[in-house]
Amino acid sequence: MIANIPYLTVAGLIIIGLYTLLFKKNLIKMVIGITILQSGVNLFLITLGYRMGSVAPIFTGNADNPVMSYPVPQALTLTSIVIGVAVLALMLSLVIHIYRHHGSLHVSKLGGDDQ
Amino acid sequence: MKGMSTIVKTIANIGFPIITIYGLYVIAHGHLTPGGGFQGGAIVASGLALLAVAHGTSWVESKVKEHDLSMLESLGALGFIGLAFLGLLMGGAFFSNFLVDTSMLFGAIPVDGAANINTGGTLPLMNFAVGLKVIAGLFAIVLVMAIATNKEED
Amino acid sequence: MIEMMLETFETGTGYWHPLVWVTAFVIIFLIVYIIRGFGEKKYKKGTGQTQAFLSGNKEYDKQLMHVQSSNLYWGWTEALKWIIDVLKKMHTGNVSDYVLWFVVVMGILLLFVGLM
Amino acid sequence: MNQRNILAAAFLTIVAVFLMFSALFMHPFGEPTSQAMDQYIIDNTVGETGANNGVTSVVFDYRGFDTLGEATVLFTAVASVVMLFRRLKK
């Protein structure tokens, strides 16, 4: 049970991200929360492909191949990280536009229909 | 942004070639060592961002236009898809690795289960295409954001 | 390569063949073309007969004639006013509140799944 | 402390408890269940693609379509960021 510390870390990261999204009012902090949630999901994908005592799936030409961790979850995590960078860039540019338009990043000061 | 002091500019000038060569190494050896097109492209783009921070965005803007950057990015994407379509034409399936185990470029057969720089078929070519795309794309994002936020301060 | 594209693709529940689809497309096109041939021959584009006929009355100004798209389902909104008011109160336009709805639904689902 | 924050705290606590509980009692770390596809890729990477790096051979050869979609996402994001800042430049 105590060997499941990576899964506990995943759960902790996701909870921290959800807490930031629920209780913080600053848009930059909410973007940071989304990024923390993303890293939690990436860590979950990585831990699913690990075999105990294994090395990275890179061959060195030795005759005796050691136990290797699975490459497919790592490749999909690479895809997920790049998509995360793209989404982060889009979110930050939208935040810059919001700040320029309203002069504030506080959620409750952005104004609704009454502008 | 006017650029930082002379010390920062000198250190950035020294550090930039090293970072760029390391990133290009990671791209070129993507099928042998940890790394690949995305990671090496991110390294080179961070080196370019270092230049942009040290020298100021107006200096960078006079050297390179974001129009050329988006053209480079489209070139990388076209190279990637073109290689995939070449696999359809010559290997019979989309994304087929048609260069492996031939006597052409990057087509050597691995000896004793260890690949070398000239093996891998289309993998190094795709690494180059994706690396070009990531370098141009990330630097375009950084440059556009820096320019847009600088115009406000003037 | 072209022979490979013309193979029959068998899934568990059916099959896919490009020639069958091309044949079906041609047949449907012919049927539509025949139906189109029954249409009005006197129709001329761009003449007065294509304009809207407003029962002979004088045309108002465009501003006064404007009917909003929300007026189309006025009766629907009026009949369901009690639920639409609740829905409007839910949509605050705040990201945190939408995430709160997500968390609430996820918590209810987890309670269902976990305590069954 | 208004009503919304109390609701949020309550349900976040429920979700947190369930996540921690399932993390504690998942199947043990280091023993993944799926075997066949990954084992095939590990056994045949060098022979089939001529690459030492298993992850690169998966990204660009075995699962190239994923990379194609991801490149599309990156391209779209860069295009939309450049488009968002285009009007402000002049």
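Per-chain residue numbering starts at 1, and chain names A, B, C and D are given in the order in which the chains are listed.
We adopt the following convention: a residue touches a chain if its C-beta (ideal position, glycine included) is under 8 Å from a C-beta of that chain, and two chains touch if they have at least 3 such contacts.
Please read these numbers as outputs of a predicted model, since none were measured by experiment.
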A-B against A-D, pair bridged by the larger set of C-beta contacts: A-D
Chain whose mean Cα position lies farthest from chain C: B
Centre distance in Å when chain A and chain B are each reduced to the mean of their C-alpha atoms: 23
Centre-of-Cα separation between chain D and chain A, whole angstrom: 8
Centroid spacing, where centroids are CA-atom means, of chain B and chain D in whole angstrom: 22
Between chain A and chain C, centroid-to-centroid distance (C-alpha), Å: 35
Two or more partner chains touched - positions in chain D: 8, 12, 15, 46, 52-53, 55, 57, 59, 67, 74, 77-78, 81, 85, 88
Touching two or more other chains - residues of chain A: 18, 22-23, 58-61, 78, 82, 85, 89, 93, 100
Residues of chain C whose C-beta touches two or more other chains: 100, 103
Parts of chain D lying in touch with chain A, wherever the complex brings them together: 5, 8, 12, 15-16, 19-20, 22-26, 28-32, 34, 37-38, 41-42, 45-46, 52-55, 57-59, 62-63, 66-67, 70, 73-74, 76-78, 80-81, 84-85, 88
Partner chain B, residues of chain A touching it in the complex: 56, 58-61, 63, 78, 81-82, 85, 89, 92-93, 96, 100
Touch list for chain B against partner chain A, complex: 33-34, 36, 38, 112-115, 134, 138, 141, 145, 148-149, 152
Interfacial residue positions of chain A with respect to chain C in the complex: 18, 21-25, 30, 107-108, 112
Of all residues in chain B, those that touch chain D in their complex: 30-36, 66, 70, 73-74, 77, 80-81, 84, 94-95, 97, 100-101, 107-110, 113-115, 119-123, 126-127, 130, 133-134, 137, 140-141, 144-145, 147-148, 151
